[in-house]
């Protein structure tokens, strides 16, 4: 019984939140890794792209809500999500047309594109704040829980409750669908293979008749999907605030690099490694240990390794350890 | 700093990905193709030119290959052998001369459009997609084809049986000789009218080199004319129908493979006696 | 037009803009822009050393600036009475213990043979060391934070003259830069950007959370000044008289005088650093750096130790940012960890460097002033613009209210636009590298 309680507590506070957060990071890191593999630079504007996608989705959600449209127990944001994706696609294609393309034609070095992405980051950040403000926004509606802690307790008779939130389930399911679709696209379709070929060897791809502009366009479209979905899921799970999205850059970059920059499988693995490290190291283990250890050994403190404010430090330390042990990341990079 | 968009020596892999980056200008406009009957199947005629605005590397250089032939370009280091072939392929800015393929003047075409016109080109280095499987490499070779290319793939596998064995393996994991076979196979996937090989045996052992030459002869027997640059002049001339010895970007000696091998001048200067 | 004249005109243009603010808004705003412009220029100078001279991509400027701010507190603030005896020793012992743990782990990694035994030993050392560290640190920290939390609750500083904090801030930043550079530049490939991005966040997290050190989000206020206090000036009859001669009331006169003194101090520091940077640029060391930058392979072939040079220039540039950080906290008279944000303290500095001209020290200075001016003035300009745009709209329309409220966010948009426009149409910046 004690052991079951410990497992339930662990699932409730570590496993489920970790999986949900990991899925969000993985989606974000996939976007970063695709741009790194194809356009060959780290996109500092990615966090703000996520914020933009989430913002468009929120605006449509509000509109639908005002019309009385809803999905019942599911959040209305899910109907608005495709529109958010379309909006983000438009923004990214415009940005590419008016900003990045010029530098490609100039054969500018990737570092220059990084600096360009800083400018894009400022602009997107400005646009989002300009339109929706800098405050916290909660746009979740529908049923909050699939299983609430109290229901779980009455159902199982355990002391410990397990709450499974709707947003967590949606996050996990959506992330799985998106990732499966992405891998199918990259490995099975002609366009997907041409993207991998372009990432692998640009000159030879040109010789094979692959049109780089088309590859870049498809990349931005996929990045728009990934960024918007990641942004909306994160916003539903926590809340929407432009500044937090900007701050997600560090764990997202850390995930992509831990996994091996340019490698989509790595990005997913990295996302979960970073998420679980953050959650386990900042979680107060008193409760779980209390169930597991005999009374005499029960810890007196919270057994929290680090305060939650150090979560960024955790992602960074994990990153450093992985790079020291395996300089190419968990999976070898460059295989988009 | 001459280039305002240079990276100032930055080597930071956490922000910039140098791997697989191309040097070719991606967006190139092609000019018109004009009919030009007569002459050899593929010919680069009186070519003079260099890279971009740089100095001329080729001087009035002519290279040609006819149907059913293997033509080989040999010469000392820095003679402009590869440059000559790249000029035929359109990777050079020609100031004089022209390139004709199958009774058409294609001088104004970009390399990509020449591939569409039927030129197959195998670069000396980075000539495969290392992270993709052998089969995917062949598929990418057939990228411009919208018809069913399974037959061609079967033909390639027949020519290079080892590739069929390793079809689902990443091309980067193969040995040097096998990688060259993937590279040639990739170029054959477009069903080219002419195949151009830039030092196909560079960096492989003598045994593998012999095997590669055998394969190349087999490809030629299927009816595809082959133009190739070779460092190993003697072996190459032995299989060549036509040979060009280039010196400092100019035609020094031209003749059939046998003639050149027998020519005392050529033997003394380039074949080590 | 010769280059010299063009550059002078550019500087005059910025001077004119600031003068106009002094005339149209207030002298106080103008002086504040100059003071902050000087600080921005110093930071830009530091980043230009790294990016312009060596192509190093530092996105952790915020962290170095914040370390400088920490130095101002640790050097300038008076010690908390009873603080050191309550827990200072314990904290010091804990920190030494923590350092020893890391040193032992590094030593074990270097000395032991690769294998599972080494991994186990290192993990045991690190995990065990961490718990000992926390066991030593936590009680001392609790005792320190108990001391009159409303006023102290931290160790305080050394109570030394605050001007000393400026070089110390540089040293702090240099120390951190050494650690980062050693790790990030020493890896098989260079991972400097992500390393600096991460360390900067960690430094801010430490400053927000370790109340015993920085009072955390309760902020340290009243950092001593190197210049007189306004209230003392107002009570000084001779100062009041002089102010009156200039036609100013004592309150206005004293605020302006204090600002003016800061401008003088900062200006002196900027001139010294600028002089040193120029000397460095034209020294054999600077030439070698540029040689490495322009052709690393050749430089390496000539036997130049590229990593060591990069480490040097990274440390120097970061130290300059640290000095600026200490100066800024000194002028603000307070350390507020919550205000350190990457957009303002890292990426804005990058805009300054790129707009001014990568690789040119004078460009960095010009960029610092110009971009800071825009950063401050875009908001009023944006507000004015919004008022013009919404002029015809009905009073109380939600769109009008929204537009006017949003004017405050115009500055980020503007900074992005300025960066992109300069990068595209004048990629070498306003004052290009020679």
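Odds and ends about this structure:
Every chain is named by a letter (A, B and C) in the order it is written, and numbering of its residues begins at 1.
The rule is short, and it goes like this: contacts are C-beta pairs under 8 Å (C-beta built on N, C-alpha and C of every residue); 3 or more make two chains touch, one makes a residue touch a chain.
Small disclaimer: the values here were computed from a predicted structure and weren't measured.
Greatest Cα centroid separation from subunit C: this falls to B.
Two chain pairs, B-C and A-C, are weighed by contacting C-beta pairs, with A-C ahead. As a whole-number value, the distance joining the C-alpha centres of subunit A and subunit B reads 44 Å.
Between the Cα centres of subunit B and subunit C there is a gap of 55 Å.
As a whole-number value, the distance joining the C-alpha centres of subunit A and subunit C reads 30 Å.
The set of subunit B residues touching two or more other chains comprises 5, 7-8, 10, 12-15.
In subunit C, the positions touching at least two other chains are 55, 57, 189, 191, 193-195.
Each of residues 42, 111-112, 114, 253, 257 in subunit A touches at least two other chains. Listing the residues of subunit B that touch subunit C in their complex gives 1, 4-5, 7-15. Listing the residues of subunit A that touch subunit C in their complex gives 42, 99, 102, 111-112, 114-116, 118-127, 129-131, 133-134, 243, 246-247, 249-250, 253-254, 257, 305, 307, 309-310, 312-313, 315-316, 319-320, 323-324, 327. For subunit C in complex with subunit B, the touching residues are 51-52, 54-57, 189-195, 292-296, 358-359, 427-428, 433.
On the side of subunit B, the complex with subunit A involves touching residues 5-8, 10, 12-27, 111-112, 115-116, 121, 123, 126-132, 136, 139-141, 143-144, 186, 190.
Across the interface of their complex, subunit A is touched by residues 55, 57, 130, 183, 187-189, 191, 193-195, 197-199, 201-202, 205, 208-209, 341-343, 347, 350-351, 354, 405-406, 409-417, 419-420, 423-424 of subunit C.
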